[in-house]
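Each chain gets a letter, A, B and C, in the order it is written, and its residues are counted from 1.
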Amino acid sequence: MDETLMDQPLLQVRDLAKNYGARIGCASVSFDLFPGEVMGIVGESGSGKSTLLNCMAGHVSPDAGKVLFSTRADGLVDTVTMAEAERRMLARTDWAFVHQHARDGLRMNVSAGGNIGERLMAVGARHYGDIRDQATDWLSRVEIQGNRIDDRPSAFSGGMQQRLQIARNLVTQPRLVFMDEPTGGLDVSVQARLLDLLRGLVREFGLSAIIVTHDLAVVRLLADRLMVMKDGHVVESGLTDQVLDDPQHAYTQLLVSSVLQV
Amino acid sequence: MSDYNFAYLDEQTKRMIRRAILKGLAIPGYQVPFASREMPMPYGWGTGGVQVSAATLTPEDTLKVIDQGADDTTNAVSIRKFFENTAGIVTTEETTKASVIQTRHRIPETDLNEDQILVYQVPIPEPLRFLEPRETETRKMHSLQEYGLMHVKLYEDISQHGAIATSYAYPVKVAGRYVMDPSPIPKFDNPKLTMAAIQLFGAGREQRIYALPPYTEVVSLDFDDYPFEASKAAHTCDLCGAEHSYLDEVILDDEGNRMFVCSDTDFCAKRQSAGHKGRLAGEVA
Amino acid sequence: MIELINVSKSFTLHNQGSAVIPVMEHANLKVAAGECVGLIGASGAGKSTLMRLIYGNYLAAAGQIEIGTVDVAQAAPREILTLRRDTLGYVSQFLRVVPRVATLDVVAEPLLALGVAVDEAQARAAELLTKLNIPERLWGLSPTTFSGGEQQRVNIARGFAHTYPALLLDEPTASLDAENRATVLSLIIDAKSRGAAIIGIFHDEAARNAVCDRFVDVSDFTPSRVA
């Protein structure tokens, strides 16, 4: 990637806020995300981390604030105010969203190959052979055997479904991936494999990623930076290992000290 | 029958339907919602087409009704009778003599002209329904021209059958804009969708009308390496010998003997009376 | 290369009555390129704390921690990440890796992060693992299943994969036998001779004397009012 581009933030979030009636979803969240950076957002259930993620990804429209994304064509654009058609196009090309439950992110009645090919076809791929080759390539990248290409995701294990969801999302080589508890609900051994896969893909493609999770072990292994949320507010942020090993805020100290040691 | 308003529907309803038709013609391929009425026949028997025909017919019109190519099947006969009774109009089985043709599952073999209107009965107007059941989402996909999903369906066909196995209701893109379900016509008929006549599509249960103005560009979706083919059975008509008409397969006996005949009965009869003969001409009644 | 000016550190335990525990004050330290400085002082005097402050793992309360041109005490997370990737290596006492990743890949990872080609990175990793007597049959396995000594050597191989201009070594020779200790010491001496600035904690006095140019007693930085 171009060195000058690496110095510009890929995503700039400014004073993002969302309320649900009188209840705060998230409030005055601001940060920059640079190319190749992985940021974790941690906090307990109801802390606003999923609301924040959904606001950034355009699934929920925020009440205030900006989500500026450095587009390939037009430079920095506020994705909150951009036309829906453009935002949806962005969501199919330069952005990706990995859901906690694979069935929310996959078409369960479409084969694995079709699931991976959809984004390619959505941006105009019209050569079956090429689409299939890319699907095969991505299956192997996520460690699914090529001969499963015509099987439906319902025939896959939970870990495989999650890996298929990742392949489906990354096939258009997005620059920013949003992940909502990507390892939630998976066996520990399956989690480890998925984490390793994600780390490799992040490095290989220079992906930027925002990962929402309540699992501190996951962010320690995946995230460069960490944001800790409580009651809709960011209470602490910084280098992942610094936040986890030398937490400054009372809530973070509580969170870190509450993790069971194996 | 003076007990009915002309063509069964009241004038306000016909005006409402005509407005939907005009909007449909103005935006080719776009599904216009309309307030479908209860008709004296079950859904699935052509209530959408009948309402469009009723709003289209004038007392001077000549109506032809086709059911899977044939004029003499129950559906065709009863709809023809319906308009004879409620509109008192002339009906015909000859494609060339009709000014309005209501059809189910076929386009006539004979080319239509600019003075004719072809009305289709449509069961499911939404081509994206198969993969995206949410109506809110499919509408958004149409409005934003997000049609990648349509190719996913074709992809699935090829991956499962080695070829695009969709043989009827084959999706098309209209005037470079809307993806449209051409109703369950065989894909053999798809190339005919660009024609001189006005084409109107009515879906009664789903309450949608859409339309193709004359000579609208209609392209069947495909892949570069799996191009669209307007396929038919590799036979000639056993009655009239036609080589390029769409054929029905008819099983003759328990020994597995079968014959292929034109699905368009009017076309076949015209050819036979003009002296064309097929393999079994004269042998089968 | 590495310079600490008036660095202090305290911990505030918000959930234990907001107790403030000062652990370091007026820490001053300077390490030139090609120099190895040994940290000494009683257990608990703050040797590892100082290392963690330099690495950016602990947040300094005051002072400057200059590494090259970056002040770790003030730098943005991004700058520290770049520093760790390019300039500052750290061999800790504990191996912390993603489970189920092969040893060879664990060792090659710092090079891959720098954009070195996979073949080249793995070749370098293989060379180091061989040098450190990790049998080749173990390279394909995850080091999480290895013995303490083996894990330590994998950790060292990983720390020396890239030729960092600055290195922090926290007990690199603990739990190693004589032969492997000698190998590690030669790696350290090689790093020095190519100009790396090194700060180390060595329990073993012989090892310490073999590589360190001078010593700094961290007890000097212990706050006077600590109970």
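Quick note on the criterion: a residue touches a chain if its C-beta (ideal position, glycine included) is under 8 Å from a C-beta of that chain, and two chains touch if they have at least 3 such contacts.
Remember, predicted model here, so these are calculated numbers, not experimental data.
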item: Other chains in touch with both chain A and chain C; value: none
item: Most distant chain from chain B by Cα centroid; value: C
item: By mean Cα position, the chain sitting nearest the middle; value: A
item: Chain A and chain C: spacing of chain centres that average the CA atoms, whole Å; value: 31
item: Geometric centre distance via CA averages, chain B-chain A, whole Å; value: 46
item: Chain centre separation (chain B, chain C; CA means) in Å; value: 76
item: In the complex, chain A residues that touch chain B; value: 84-85, 88, 92, 107, 109-111, 113-114, 117-123, 126-129, 131-132, 149-150
item: Touching residues (chain side chain A, partner chain C) in the complex; value: 34, 37, 189, 192-193, 195-196, 199, 203, 220-221, 224-225, 238-239, 241-242, 245-246, 248-250, 253-254, 257
item: Complex contacts: residues of chain C adjacent to chain A; value: 11-15, 52, 56-59, 77-78, 80-81, 96, 98-101, 112-113
item: Chain A contact footprint on chain B (complex, rising order); value: 131, 144, 146, 148-149, 151-152, 155-156, 158-160, 222-226
